[in-house]
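Naming follows writing order (A, B, C and D), and every chain is counted from residue 1.
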């Protein structure tokens, strides 16, 4: 069957993904001791770590859905949101890839969770972006700019599903430190590349 | 003629646009005295002013092109870039609405200028976005987040051309203070709304 | 008795001080909901609140010592330090009024606690500054400068003891937000006014 | 003569000081190209450079006074103030070592200049701190804290005059970036060590 076949090139990613629920918990509960002070400038390395964390989490949610089902995936997605995004700190400026007006912008945790896993009657157009059998994800930056106690990055994110299909999006992220000193995304603009007609 | 007819609803905008080259210069050379200290937190009012400034400048460049021609419009676009963007401060994370790979991201002033007015052999796909006869432009925010010495905003920008056609995009901007204390855009992600097939 | 007599002018302050242990706890456990986002610029009002909080806490520790004894005062001083200073976030740059070399600077919580209440064998010169029967304290700023996600203030702090004696010091404080969004002092330079010989 | 004799140990410092007017100009007009972006976090290295710059400048003003006289020293002091302090950006929180009430705090450039070179009828107590024949100056930090787009340091500054007499003060400095990306002092609290009676 082609589907299984296509998994081969992603063996490493799958291995990583299989351990991802634990990995996601690690993101959420890493030891406080190592965290930088809340006022410390953000580093490029922290931005790159946050990007890898986002990619790992997306694949982990997909794997969770494919192996344990929707409820488990939704629970993991909630954990990931709290670990990676700043919804607990205030509104998050989030324009996901596939949302449409009047629900384009998801400034609340509820709206973001619906985008990732769907199943929310308030957002009927949401199909659950994280449930699309993602198996690999990587980020490539056009630039990272550190602006004191915040940082922004722009570039491409490439994600492959279990059939090896690639989706490549234009991605902007903005980061601040959360209460534990770890980065939280407070800005996320994702869009499909422009296609001239 | 329909074209002229369609101008009527934009009378106010056109009046404003007619004075826009001067207005754009005002942006570039406003009195230093009133500027906040370089380290002062950015305010919501400053972000809104910067957004209005961007809209005015876009219309001004279009009017300059339509009334004085390409060379004048390009000169104005250069002034506008220096007044509104932070290219003099470092790379700018700029993903314009209509760019395509491998020239999607325009982190240099040259790449941004080409996007706005075209005519640069390095960027052959650029048609000159600011030359599309824009007559009115307005910004509507989903949210503005002030992050100390920087700020980010997300929302829609609506622009109308001289035939009254509306283009509405999803827009993210990031701002810092320039050497004169005025805001400069160091992040700009613009995308057409997603269209489900 | 003169001592009691001298209390009269400070009736209001004493009333306030009598309730101060509770007030200090309020500082430490105020509702999270109202706190600004961690990345929000500091306001002048927050700086002034932090200064009033510091003054109230100093008087509260003195009152606790005078009414409940050293152990209670030391416990309160520890709570106050955690609520008002950023020792949990990293080193604090603290030069108290009365310290001498080589223990002039107290960058650790232990060193600060010793300065306020004494009784620590590591810091034998510390007499316990907060135990000097303070009854009233007020701050007067020469200036407050907001520097994005931090702030600094400079001015005088006047404190009166239970005999009405005034001590007036030159005071600099630097503030950042703690994990709960409330200000923490990460810089404190206090000095007696210079006396020309 | 003892005075000349005492100069010997400071031969190196004097050589450096002899070139100092040029050095101070270098501070003021270093090439823009190398400067970090205005929004870039301040580094520990930049703070240490600024401290060395302050020390060099103090000695340079003394040498200028001793070799060229008051007018030249005052002119150099003005240049140094503009290169090292943020008076052009807003008020500076400056509590010099030897000022007295009601002129303790020098938040304006005029007040700072008077402190360094004296001769200003508005500040009759100012003897001209930088004219006291300083020959060597060095800074030792108890700590440096980087708070995003600003930084603070605390420690001792030791200065020796032409007779080898040492003055050692407790020193706090706060820094931001100026319009040219270079650090400017916006906070300066200096005090003589406390002497228990």
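What we mean here is this: a contact is a pair of C-beta atoms (placed from the backbone, for glycine too) under 8 Å apart; a residue touches a chain by one contact, two chains touch by 3 or more.
Please read these numbers as outputs of a predicted model, since none were measured by experiment.
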item: Between the pairs A-C and A-B, the one where more C-beta pairs touch; value: A-B
item: Chain of greatest Cα-centre distance to subunit D; value: A
item: CA centroid of subunit B to CA centroid of subunit C, Å; value: 49
item: Subunit A-subunit C separation of Cα centroids, rounded to whole Å; value: 43
item: Euclidean distance of C-alpha centroids - subunit A vs subunit B, Å; value: 29
item: Multi-partner residues of subunit C (at least 2 other chains); value: 39-40, 90, 145, 147-150, 176, 186
item: Topology of the chain contact graph, where touching chains are joined (line, ring, star, complete, other); value: complete
item: Touching residues (chain side subunit C, partner subunit D) in the complex; value: 90-91, 93-95, 97-101, 104-105, 107, 125, 142-143, 145, 147-150, 152-156, 170, 172, 174, 176, 186-187, 189, 191-196
item: Contacting residues of subunit C [partner subunit B, same complex]; value: 39-42, 145-149
item: Residues of subunit D touching subunit B in the complex; value: 37-40, 86, 89-90, 148-150, 176-180, 186
